[in-house]
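Following this message is one structure expressed as structure tokens.
Read from first to last, the chains carry the letters A, B and C; within each, the first residue is number 1.
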Amino acid sequence: MSDSIAPKTNPGNFFEDFRLGHEIRHATPRTVTTGDVALYNGLFGARFAVQASDAFAAKIGYPRSPLDDLLVFHMVFGKTVPDISLNAVANLGYADCRFLKPVYPGDTLNSVSEVIGLKENSNKKTGIVYVRSRGFNQNGEAVLDYVRWVMVRKRDEAAPAPGEKVPELPKSVEVAKLGLACPPIDAAAYDTVLAGSPRRFGDYKTGEKIDHVDGITVEEAEHMIATRLYQNTARIHFNQFAESKGRFGRRLIYGGHAISLARSLTFNGFGNAFHVAAINGGRHVAPLFAGLTVFAWSEVLERAELPDRKDVGALRLRTVATKDRPCADFPHRSGDDYDPAVILDLDYWVLMPR
Amino acid sequence: MSDSIAPKTNPGNFFEDFRLGHEIRHATPRTVTTGDVALYNGLFGARFAVQASDAFAAKIGYPRSPLDDLLVFHMVFGKTVPDISLNAVANLGYADCRFLKPVYPGDTLNSVSEVIGLKENSNKKTGIVYVRSRGFNQNGEAVLDYVRWVMVRKRDEAAPAPGEKVPELPKSVEVAKLGLACPPIDAAAYDTVLAGSPRRFGDYKTGEKIDHVDGITVEEAEHMIATRLYQNTARIHFNQFAESKGRFGRRLIYGGHAISLARSLTFNGFGNAFHVAAINGGRHVAPLFAGLTVFAWSEVLERAELPDRKDVGALRLRTVATKDRPCADFPHRSGDDYDPAVILDLDYWVLMPR
Amino acid sequence: MSDSIAPKTNPGNFFEDFRLGHEIRHATPRTVTTGDVALYNGLFGARFAVQASDAFAAKIGYPRSPLDDLLVFHMVFGKTVPDISLNAVANLGYADCRFLKPVYPGDTLNSVSEVIGLKENSNKKTGIVYVRSRGFNQNGEAVLDYVRWVMVRKRDEAAPAPGEKVPELPKSVEVAKLGLACPPIDAAAYDTVLAGSPRRFGDYKTGEKIDHVDGITVEEAEHMIATRLYQNTARIHFNQFAESKGRFGRRLIYGGHAISLARSLTFNGFGNAFHVAAINGGRHVAPLFAGLTVFAWSEVLERAELPDRKDVGALRLRTVATKDRPCADFPHRSGDDYDPAVILDLDYWVLMPR
């Protein structure tokens, strides 16, 4: 193998390659289309009326149906993988994730990340990288902003740590920062019969728990099609030959797939929670594999009116997803010990019409 | 579990919840796009030229390619599931199904059903619900109208029957009612070479049987993607965890999936039958599961000229689909005893250029 | 079975049905859409920026993102199957394949083939048919032109050979014929950071070999969805019931699926090779089945400047794909003996910005 070969394929960044303050412009820009929307619908069965019907969206004040928020998230996230997490051991968390502008079919998305924290682990083999990633549309307007941190391998254990800083992150996104991606809507024109649920913002209360009842089994073809659609290149999702010899013996499903499945399940209980305004934090508690069935339940952690807005209110939800375990009794955790069936513990803000 | 929880998820309607004359507006309105069309093509391999090519459609008189009729059917049908058949034991039949207006990418569909019949079963545990369901576009124009009847569980066996009426339904749709969804076409401009079959309306005769030769194996990912695309929420199609303990031990495939597969197979024999004008009746004789291969054959039951139309003629077809059984010898039934391989017995009208 | 039945389903052409010079117009014309593009992306994970982003494409001189070249190839190829290769024993080769014009979403493609060669095999049971197939858009402009040859069964072994001629075919497409489907681009406006690779035409040299590192496992649902999307009707890809009794015991994956997977893998190494200008030849060395993982490596066979063009240069590549076998040591062949893991040996021209 000649020396000129190695650098032409992307080896990804290792822990010592990152620098505090370093800004990374990611490939590949991507025009999102109604084709992507159809495939997303086929994979997750989304039923929120605002995203499903141009006519419904137009009636309440959108120019047309915006993209599902999580589809935007996955598209922006996918681009960061080749630069940030190709050598990741684990995706540790998300914080301060805010949707800033609606995205419509025809828009082109690209992503930029800034390294905002670094911390070598005591074993010197790995370190934690904190990045703030932002998605932009073709006009350079930010549509999404979030922090994630991942544990990344070092190429060379003897290499010095490239810096040390652990950023302070909000435990949840402030209410005043919610709603930028939701235009003023005409809540009276919002037809709850067509939307599939009679319950508006005022009908939920803090502490309420809802079992979403339904379960969705995942197939290998499905999660690979989804993950490729986002141009997410993390190898562990696609290569059974390599994974058959790996830790799990099989392909690991992209964590975002579980988030989208859980979001889809929440329709049965929060049918008018049409917009994910922010993700406060999320933990992929356990891996998900093809053949398993995902269930979910949610708890209303907080209710908030948005400053200067009478059209929509915000619910802060915890949604917990499980595998092969119905959620009628709300399986969660005691202390740090999660129920063994739990795969996802997500804390996020949704908007509902008032 | 607090009392406020149960009503927030959709338990579906039980037999005693229905009332004669009750009109139900269904969620979720849905803008259909070229993305949906692409996915439908990828799943079923449709090859009818009018639906495949804008240029072909425009040449004969359509503004552009209309949606595949069955895609419209599935989209309209899917919306009715959460209200009509979430507690169904069995989907018993269809009748008087008429396509009334072409649907184009960009149109938004919604569905409304009226309860037109109710009949409690003698066991008092279930009853039959007859509904007339209609699909509308964004302008409020009806695009599809059909009756189906389903056997629905009672929540409470002691509840009185909510009414009793068995509607009279036509055994087949009258010829005079066919063709509303087909604009006048220029039959001379219809290029049979491009369309893939030299045979026009005049080349078929009553009683003729055609084996469609090809077989298509179904995968779990495929039927779930399709059924979610239609926002059909019937649980039996998606939840392997629950179904593994159920009657079949596995996920049941949406009956409409078999109809679309059968329609796709009929291209090899009826390549110019570009429009399904009506469905007279259909019976899902046996369940279909992933891993099985679907075959089909058809018989021309009737030939009819449409009043005042010289451009197209109608063929009434019986299409019978089987699983893991080629159809060279036209497997069907003797009396009520179907060949054990038969899964579908469909009676419908197609239009062909004259 | 009545006599009138057989001719209504397509039995395909047998060797003795072909005539030298015969021109065949194929069904079904097909409008390609952003829906097809999304599905193609979901199936193959394409990441070339020109095809992914309308904004990127517009910046360098395209009106918008063109379709992936191989998606065009598959669409044009698929149409030829019912007429050319329904009774094929083997797809023997491709030559002189040139992309002539970019294809955009909304264009309608159709295909025409001319029989340019025939040669009966000595066993009199089969013969080789050479066809030049061309794809056209809705304006009648040729977008693709290629030759393929297939071994086709005879219906009747006693039938005389329909002619004998073996066409002369170029071993590779002349450099002067490359680039017609690539408009003049502004190479300075081509942003290599956004595109995901810093390397332009000048950074590659003849003889260089690159292992593309990644592997992609194929699922039954994926290859069937793709192959149906192209309206390719070859039975061996879809019918497990029949194939379970066949030579391999299972469905064979369309050879073009392996080509698209390999092309997708080459992004990691040739991230700016945004356009396949020509395919010089290709050999499906061994069959591919679901469950196997595809890897690939490439060698730069030749570098060429295009006459009168300073914007792009051409690399002639050999890309070799394998199944369940990483390619760090560039597995290929010694003489005619291929490494048993090799499934594809493809020789083609790509364009890169200078």
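One rule holds in what follows: a contact is a pair of C-beta atoms (placed from the backbone, for glycine too) under 8 Å apart; a residue touches a chain by one contact, two chains touch by 3 or more.
Please read all numbers here as calculations on a predicted model, not as lab measurements.
*Asks:* Taking only the C-alpha atoms, how many degrees of rotation bring chain A onto chain B, rounded to the nearest 5?
*Replies:* 120
*Asks:* Between chain A and chain C, two touching copies, which fits better, same or different residues at the interface, with half of the numbers shared as the threshold?
*Replies:* Under half of the interface numbering overlaps between copies: different.
*Asks:* How many Å are there between the centre of chain A and the centre of chain C, using C-alpha atoms for each centre?
*Replies:* It comes to 36 Å between the two C-alpha centres.
*Asks:* So which stretches of chain B touch two or more other chains?
*Replies:* Those would be 33-36, 38-39, 219-221.
*Asks:* What part of chain C is in contact with chain B in the complex they form?
*Replies:* Where chain C meets chain B, its residues are 1-2, 4-5, 8-10, 25, 27-31, 33-36, 38-39, 82, 106, 108, 110, 138, 219-221, 224-226, 228-229, 231, 233, 235, 238-242, 251.
*Asks:* Which residues of chain C touch chain A in the complex?
*Replies:* 33-39, 41-45, 47-49, 52-56, 65, 193-197, 199, 205, 208-217, 219-222, 268-271, 291-293, 295, 324, 326, 328
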